[in-house]
Amino acid sequence: MRNLAIRNLVIGTGIPVLLLVAWWFLSANSADPFFPPLETILLRFQELWLFDHFQSDVLLSLGNLFLGFAIAAVAGVALGFATALVPPVRWMIDPLIHFLRGIPPVALVPIFISLIGFGTQMRVTSIALAAFFPTMIATVDGIRSVSNDLMDVARVYRLSRKERVLNVLLPAAMPQIFSGLQVSLQVAFIVMIASEMLGSSQGIGAMTLLAQQSFMAADMWAGILLLGVIGFLVNILFGLLRGKVLSWYIGSRRLARAA
Amino acid sequence: MKVSIHPYALSAVGIAGALVIWQILSAANLAGNALPAATTVFATLASILGTGAFWSSLGATLGVALLALAVAAVAGVALGLLVGSFEPVRYATAAVLEFLKPVPPIVILPLAVLVLGPTAEMSFFLVVFGCLLPIVMQTVDGVQGADPVARDTARSYGMGEGEILARVVLPSAMPYIGTAMRVAAPAALVVTVVAGLLGGGPGLGQNIYQAQAAGDYASLYALVIVLGVLGLLFQAATRLAERRVLHWHESYREVVH
Amino acid sequence: MSIRQAPALTTHNRKSTMAQQPETRVSATTPRLHVAHLAKTYGSGGKARTVIEDLTFTVDAGEVVCIVGPSGVGKTTLLKCLAGLQPASSGTAAIDGRTISGPPPEMALVFQDYNRSLMPWLTVRKNLVLPLRHLKLPAAELKERCDSALAAVGLSHADNQYPWQLSGGMQQRVAIARALAYRPEILIMDEPFASVDAQTRFDLEDLCLKIRKDFNMTILVVTHDIDEAVYLADRVVVLGSRPARVLRVVEVDLPAPRDQITTRSLPEFARQRTDVLSLIKRPA
Amino acid sequence: MRRTIPLAVAAALSMALAGCGGGSGPAATPAADGTTTLKVGTIGIGSDAGIRLAADKGYFKEQGLNVEISVIANPPAGIAAAQSGQIDLTYTPSIPLLNALSQNVPLKIVAAADGYKDGAGESSDLKRVDDTGLLVQKASTITRPKDLEGKSVSVPARKAQLEVTVSKLVKDDGGDPAKVNWMVLDPSSALQSLNSGRVDAASLVAPFTSKGVSEGNQLLASPGVEFFEQGAIGLWVAGSGTVKSKEKALLAFKTAIYKANAYANGHTDEAQQLSAEITKTPLDVVKAGAVNYWPEEVRMEDIERANNNLADLGFLSAPVKLPADVIFGK
């Protein structure tokens, strides 16, 4: 048993390290213009992102991402509640919402460019609007699947409307809201990159596309690496937040599965 | 009876209201010529629908999306079975899969365009990249979630490993794979459009880029409407397919989260 | 901090229900709970389905009344009407002569499915606190209410655990503790012990009797278990199906204090039990 | 049975990879009717009239060629497609080409696509010869390129032709191009943004240059011709792999395209008619703009001049060492 655990640990860490080492050495003398040596890529990574463009591009991109996502999250949950709790509102906007979420979010970027221009507002608006739908739809689903028993409890114990919304519906719908938020975060990340690639000369996406268009393969790889790392880290951070907010849910599900 | 009419009436009111607001906003000329009137857009849509170029773009988009989805499904399930069935393989791939999972295909789009050019192959590659990992991960979860009792039962009846895989593990992983496909199918469409829009791959995405670059806003809106309808159809179709394939599995909704 | 004084106790907690009172049935002139010609019909026109048709019974102050009937008879519908969760189609249910039109302040309800009526994201103690928040009690009283309620159900040690970490019986005790901390005058329980094992069930039944004794509550229990009804109740309301109507109200004359072993072995217990059973078994 | 699983996986994977990487390129062997097919990418601008004429007039057919024209999003994408063999030839201005050559992307110049007549730089009316233009609003405080410092200027792509050429204008006027706030905008958004004041200046190509002027903006400078002076700017470029496998066909392409270029230079009306069709622009707007010129040769000195300018402006750390055979067939 113990041997197996050690073997798994060795394999689990060894293979990725081996892959990186293989990349390093196999690419070391690469003359292929599109697959430069890993060493060059890392060097450019350091030169580009850690100093030169950190503030002007990296922070800018991340700021847009989080601002857009935050707007989407708050608006999505709020409108989700309004929609779920007031049926006429739901009937009125349901078909529109479903139509709008059918549109690939990136396809909205050209429209926003034509309407609001190319500045930070456009990027944040695009991110916020595209990321809004998954959260909103998940919130509506979450609220509508809250058990009637819980709502009966809340009424019998005469909880106020505010208490019912904040202390019963919101936490009960939280697992589904978080699933929606996770999708929203992915969408926000994609639209962040797309909005920079389509209508901007600033940001990580714009820098990466520019590197590709001027055939600076090492710079492009550095951009891809940075975007990959950001995608990974943002996901990890979100996972930590989810673990904290939904510890009761994760715990109860683990228990249910073990049973 | 009165109650059941209400929702539809209100839905109609909602759609009509949105169209009216659109028309008024465009008439008010708030955004210059960038917001064409709803009537103009629908007229443009009608004329676009009558051109052969539109249908061949649509065909290119659907062809790339569906072919790539099929390849990603077959390869993803196969890889998922492999990774899920053998512990060493699972540990060997865990780090790479976990790193790549949250990386959307748009990140590697510049590389794909650089190497493959603005081609259908580039779009195809990106869609496979985008759809493969979720399918692999869900299949692995499904294999892991297969009831050990069912496995032991099968083994006690003298089934071989391969037979167990095909008769026990794969069917019990089906709900997970179904979930993955329901997510992957609309994603395939989205990635195809992104590859066209940002990478110049053939299809509706490229048409949108050209409409924007040429300042042909009526076509731009018309194409986005087409994409919205297409997205709805994709979602509906995958839901229907999932229900058909998984009708035997009462609890398939349970694994959605 | 703002002024926090004892009068913050709201109207529905007028009586000090903590006072120890002798275990005698106080037969008041007007019953606490009066159900008169209550009927409930779902839907309308051709699809109409009458679940309850003309129910009449009363519950006196400090009394334990059990409602038994075959399953699917509409017991849960009745409780929802009593708790003000659903309006009656006709007839009335009234507390102290006031018609119930919404959840009455002096009433608490213990639900059948403990795992669906506790908030899984709150610890045991916070589950108890949630219904009390809007009473704006002083912190000390809030704590005292929770402590004594948890002590009454024997869960003082579990107050920081989540409901899903507890066994089924313990979860139902949390639900009861939540009702106790609310200090209702009338406690209604909907098949409260249906989904726990036999031993736990005996414990919870005795807990129910203890509550009545200690807190002088008026308790209405819906159950499909006839033994349980006879063991707990001062009176058993036997319902016939469908639509539900009262077949008979059986007075249970078993000596107090009741005890799982001695009471259940009394010939009187067996006779009462047979009476009720024969009522239900009789073809309608 | 255990072994079939990895086998199935391998099969599925190789299928996927075959689908992705299938870039072996079209075969060089002529089709049954003796014609060779060439896939050519263009970016859909007015000067595409040259290649369109070659096709319409049957010059390609004369040379035994079947040319398939497709529109690509931008020159870098075309270069990527050409070097990977997805297409045989692509249109690109010399600047993206030099960028690519500086990164050792193996490319060869096959023929000239568009450019400026010899002596065009000394022309009295630059806007008649240059299809690029730097536009500002009519009442703008910007009166000379140096004023662009600290202002926002739109370009269709970063580090590409218009940014480079406008940078030279600013530098030659004593300003610092690094102080210009460059914005990437497609031409129609750029024009719209200029009209609404979201950008202070827009650098545009035909037909947007004349469209912008007709909407009441003023032309500040003609950056293209001031940078390149004369010679071929737009080039037909192939990957070196294609040059090896399809040498004959490319020679034939070169012959046909130069015949068409000569015809276009001699028949301005006909060429402008085609330009209007290609760019979906009213003919009068096309006619109001610059008259395109289609060079009939590519000279090393013209390419080197752009090369040195790029290095002077800091877009390249040093001029690209151009291989002697970078121009195909010389």
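Per-chain numbering from 1; labels A, B, C and D assigned in written order.
Note that a residue touches a chain if its C-beta (ideal position, glycine included) is under 8 Å from a C-beta of that chain, and two chains touch if they have at least 3 such contacts.
Just so you know, these numbers come straight off a predicted model, no measurement behind them.
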Chain-chain pair with the highest tally of contacting C-beta pairs: A-B
Distance between the centres, which are taken as Cα means, of chain D and chain A, whole angstrom: 37
Centre-of-Cα separation between chain C and chain A, whole angstrom: 48
Centroid spacing, where centroids are CA-atom means, of chain A and chain B in whole angstrom: 17
Chain C-chain D separation of Cα centroids, rounded to whole Å: 84
Touching two or more other chains - residues of chain D: 74, 77, 189, 192
Residue numbers of chain C (touch at least two other chains): none
Chain B, residues touching no fewer than two other chains: 34, 113-115, 209, 212
Chains touching one another, given as label pairs in label order: A-B, A-C, A-D, B-D
Chain A to chain B touching residues, read off their complex: 4, 7-9, 11-13, 15-16, 19, 34, 87-88, 91-96, 98-111, 113-115, 175-176, 179, 186, 189-190, 193-194, 197-198, 208-209, 211-212, 215, 217, 220-221, 223-224, 227-228, 231-232, 234-235
Touch list for chain D against partner chain A, complex: 74, 76-77, 79, 96, 99-100, 102-106, 155, 157-160, 182-185, 189, 192-193, 198
Footprint of chain B on chain D - complex, ascending: 1-2, 4-6, 8-9, 12-13, 15-16, 19-23, 44, 71-74, 77-78, 80-82, 84, 86-87, 186-189, 191-192, 195-196, 280
Contact set on chain A toward chain C in their complex: 147, 149-150, 152-153, 155-160, 163, 167-168, 171-172, 174, 248-249, 251-252, 255-256
Chain D-touching residues of chain B, taken from the complex the two chains share: 32-34, 67-68, 71-72, 74-75, 78-79, 81-82, 85, 113-119, 121, 124-125, 128, 132, 160-163, 165, 199-200, 206, 209-210, 212-215
